[in-house]
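The same chain A turns up in both complexes below, where it pairs with chain B and then with chain C.
What follows is the complex of A and B.
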């Protein structure tokens, strides 16, 4: 028995040499990263947002530190930054990487490849485009924030705000969209407004490499409506000169690609919404008939908006919805299908079936 | 009467010679018109009332010696000794020797000092019977028999200990017991060579052959209802005189997490309580180890908010996390141990000093983190969710293995320690029965008997 114990202890001692035992208070957590193009051509400016932990929770006051370093490579910049802090930089809690708009307009693939390749950076971090530059976004420190970069994490992950204008993208999704045939990546745009506020309500559509089109907030909302389920938003309906707004309780959208023998190929979107009337600018009494009319009017408006967005995206030649991928998955002529798709794509027409059902809000008269 | 081959032994002279230096030996000559008799007994273990009513009074009331002899001989519990050694044994175990007409009779006048049936101390339940075993075997057997009125319930008795001569009772239900287990227990008891046997836990130690065992293989209980319940499940119960605990065997791992309330509660409540206990064990085993693993190796598993909180609370702690954990855990063990030994009057003071001041001061002094205090108290409390003390002590010790594994290997260490523990548990046998048998399997195999019943004799 003694021998077994001795053996066990030796094994354990041997293992200690190679392990990475480092206490949590000897690490400093990088919570967000920003990458901008450097001053010198070809260089990158890497900024890290470090969370400085607080000892006393009752007197919590956010403390953060931002490090910036310019180098020809990301890894090199990070190693250089290591000698500027007393603790070990730890990237396991890095939840967002923000690329400067200027960088995203040139090429995102280098940064994306680095983020996916690096072993201690999680694949569930959010990518975003910083406007006007990534460092400015990192510098934002909202009043409501207690933990550094928490607001960004909350906003992007959907844990906190459920804004219909945010279309967040995980790093594994970005990689998939870049490398997959028949789908194009998207990135949310984070704008800094001073040092205390940010605004995420636009979506950048990219080809496999760089930003090609930026959607307005309204278009971003419709984009989210078409790609997500149960989007919580409000949508307008105009009826008899009055303006109404309804809150969507339940939404769902699906599409099918039709390529009939004769006639033009088309994509048919089916959108279903269940709404509650939220706002009424007219003084009319809302009756069941009015609600039905409203549903119809709202549906028409939505249909118009969606079709406009789809046509706009088609004109740009991008495919953020992954129609090409869907087409390829439903066809088995593997050699020619993508070539076929390229021919079909510009000719596509869009049909949208919108089914809006607005209910009474339940207010007691 | 029959002419016994009276060796040198059975004479009173020989006995008194053997018991030479015993101060409380009474040797009285009874004289009456009808005849005379001699009475020898040891005062300290005999009941003087029984002697005067049962032996002395009839002697003076009886007409002649012959009738008195018959009276003594036929009295329930009286015995004739055949050999001198046996006579000595009887005298030492509380019999009075009566010599009439050159014949020796032994009359049971044992006086046992014991506490009355009292409430259970270590295994309390909210509802249900609260009487616990006492130090008297006869009373204990009475408590069991009253609850298990079946002719199938057999009792064999035995004497253990060369000096203590402790009376043992082996109880089992004839129709349900596993005879292999019974034979093994009997064999072990018969081959047992000890001088003094005073506690049931001691016996448990002798019964088990494995010297390095971690988990108890037999239940030591003070609850008659638990004994009865286990008897009905085909188990063997060992009861000892002079101690208020019984041993139930064979016992599997799951038995130690069953409280007697579970039967009383509604099914869902009972399951919930059992589930709580399992969680409690998991918490007390893993929390300290996971703390070490998360703070020193894998901070990516916890959320960033908590990671920063832990990092902040540890900012002033000078030692690595496992030292911090060990310090606090050992401090907590001191408290637990001390509160068992402390006199009742000082008990609450110790808890206050230990729990509040120590915990609060340790964080404020920056020796341990805030989170650590919460963790240690959770560990301490959840440890006592285990209804049987023996198991809760085992788990208390086991958590240190997990902490050490976590200190060396992080989360991998915790997992490999858990795997090792599972392997160990599966390899264990309690008197030939697999120790880590799953409890729902248990229900299936005993389905033919109604649980807790026992009147099919």
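What follows is the complex of A and C.
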């Protein structure tokens, strides 16, 4: 009996070679994808950035290839590309999908659906909007880069640079926000500057379908300040004609929606920052009192900036912060709460309590 | 005699495996229609079942359900009942197995055919479920020891993610005041039904000391809430219904920044693969024992006849599994939904029958002490 089993198992093991398994040298890895609108109306131009696997990492030399194909569907374009390379295209290491700005101004849902539906594409993949077009962004090859598309992955994941202007979005988040009632999706904008540099410092706010508003770098930073914890950035403070900059060591922001019986509904933001002085344009010595005055002045400036941003977003009718969802999650009248919210939203006022605490003057006074 | 802690192992296995057995799917479909209330009701019901069933089985130390039924009821009644239970246990295993084959094909090896995968699993399961119950319990304990830390790690990581949307979770919580739904309750009680494997494993237990029943309730509640609410935190209240493999997609959304592999999916897959194979083995072991007890030539006790008997049953198991492979994702889901409800009825009827058996045994004892 045992011998029969052994034989059976051996035969089965031999069979596994018959499965369509391909070795790494027969695969070519797609590391990033770009999708633009095609030349023909309704078509899509799909571009792939391929990384060629190499053996010796010490002698590594960035090798990449870019394929572009236009078709009426994404799948069709990818199948057509299969006959242009000798190896099997493998998508499991695809870490970013970039949609051309023109496409994102029309509709992102098609691409999003495709990316989430495909089984071999990760859900922790970064979505972004490419400016002026996705292909140009894919073509960027920074000098400092050794592995294809690594710079983009590092920048978006926050593993490398910790820029306060980058607000990356994973595909599962994008999908959540597209369908969720009371919150609207956002996407970072990646601009190509020549073939060796990119710039990610703007944020696109979308309604459920397309880009509606683009935030400037400053606004993007404030957006990040309000949505994230521990944002590492510098912020300005002007005091007695001097310009000061402080670096934030710790930040936190929270908000509550108030709907008082009398008076207008308002959202109260509480922002707390812990700072250290980084730059001082005047030659004055920073005393304890100056530090306190700076905190105050910095807080005022920040407050003004935040309130401007909040009003701007409210005017656009979008809800990237998820205020609507927050309102709904705190109310039990599930049938009517969203209707209530629609009436409340345009009337909202904003109150911001900013608490800037610059604790240190740096290494010198 | 086995220590009582193995009973907890059986319980824990079922409560963790619910993710594979379409319990999240059932709950998600009714997230706006009373799933949360059903969870809250399922917990006390499930705990009561656990308590009552173990107390009843305690009256028959060292005996399994077949011995109890056959000795206290006419053969004509006990045989069909045992047959139904045997089929139920088989289906419990087969759903886990097919669901897991499906997940393997989607997430791990899309290039491999479905049949090599299912045959691989079948060989492993069939070889293992013939092993005696005691070894299975030991094996189960070891496997829980390996997988439990991984599952805990994944859970902590899932909740600690700054992108986890607590607002979406709270939004679902505001739907709590809704009348409970029987289907969700059936799904919710599945977490507690690990105890029912005692039907066969009671042969090994002599006196189960059921301490800390509240712990069972708390664990069940926590796991149920995790099962139900964590995917909502990742995919939102509306988007969540679009995900087919809800929990595996959730695991795919968790990123591990500082480890050899970046994707939680693989750790999660490994933990659940071991656990679900173990659960199929345990379920089929019980199914096999039940089938054996009703086979007509059960009296022949030569070892060769026994062996043949087992392999015939296992052969049937495998053939049925391969035949069930024709189902697509919606049909499998439907089968799982039916199973979750029917098994609840089965549990109730088993407890009721046991009550009857206990009363009958007492009467018989009184008559001839």
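Keep this in mind: the second predicted complex is superposed on the first by the 344 of 365 C-alpha atoms of A that agree within 3 Å, B and C clash if a C-alpha of one lies under 4 Å from a C-alpha of the other, contacts with A are read in each partner's own complex, and residues count from 1 in each chain.
The working rule: contacts are C-beta pairs under 8 Å (C-beta built on N, C-alpha and C of every residue); 3 or more make two chains touch, one makes a residue touch a chain.
If you're wondering where the values come from, they're calculated on a predicted model, not measured in any experiment.
Partners chain B and chain C, once the complexes are superposed on chain A, both fit on it without clashing. Looking at the shared chain after the overlay, A:102 reaches neither chain B nor chain C.
By the document's definition of touching, of the two partners only chain C reaches A:173; chain B does not.
Ranked by how many residues of chain A each touches, chain B and chain C are led by C.
When the shared chain is aligned, chain B and chain C each come close enough to touch A:122. In the superposed pair of complexes, A:325 makes contact with chain C only, with no contact to chain B. Judged by the touch definition given at the top, the superposed model places A:141 against neither chain B nor chain C. Measuring from the middle, so to speak, at the Cα centre of chain A, the directions to chain B and chain C differ by 50 degrees in steps of 10.
By the document's definition of touching, neither partner reaches A:238: not chain B, not chain C. Once chain A of one complex is fitted onto chain A of the other, the partner contacts of A:181 are limited to chain C, with no touch recorded for chain B. In the overlay built on the shared chain, the residue A:110 is in contact with neither chain B nor chain C.
With both structures placed on the common chain, the touch criterion links A:22 to chain B and to chain C. After superposing the two complexes on chain A, the shortest C-alpha to C-alpha distance between chain B and chain C comes to 5 Å.
Within chain A, the residues touched by chain B in the first complex and by chain C in the second are 1, 12, 15-16, 19-22, 120, 122. Contacts from chain A toward chain C in the complex involve residues 1, 5, 8-9, 12, 15-16, 19-22, 119-120, 122-124, 159, 170, 172-173, 175-183, 228-229, 322, 325-326, 328-332, 334.
Against chain A, in their complex, chain B makes its touches with residues 212, 294-297, 299-300, 304-305, 307-317, 320-321, 370, 404, 407-410. Note for the complex: chain A touches chain B at residues 1, 12, 15-16, 19-25, 27, 29, 31, 51, 53-57, 90, 92-93, 95, 120, 122, 147-148, 150, 153.
Residues 32, 106-107, 109-113, 116, 119-120, 123, 127, 162-163, 165, 167-171, 173-175, 177, 234-239, 242, 249, 252-255, 257, 262-263, 307 of chain C are the ones that touch chain A when the two sit in their complex.
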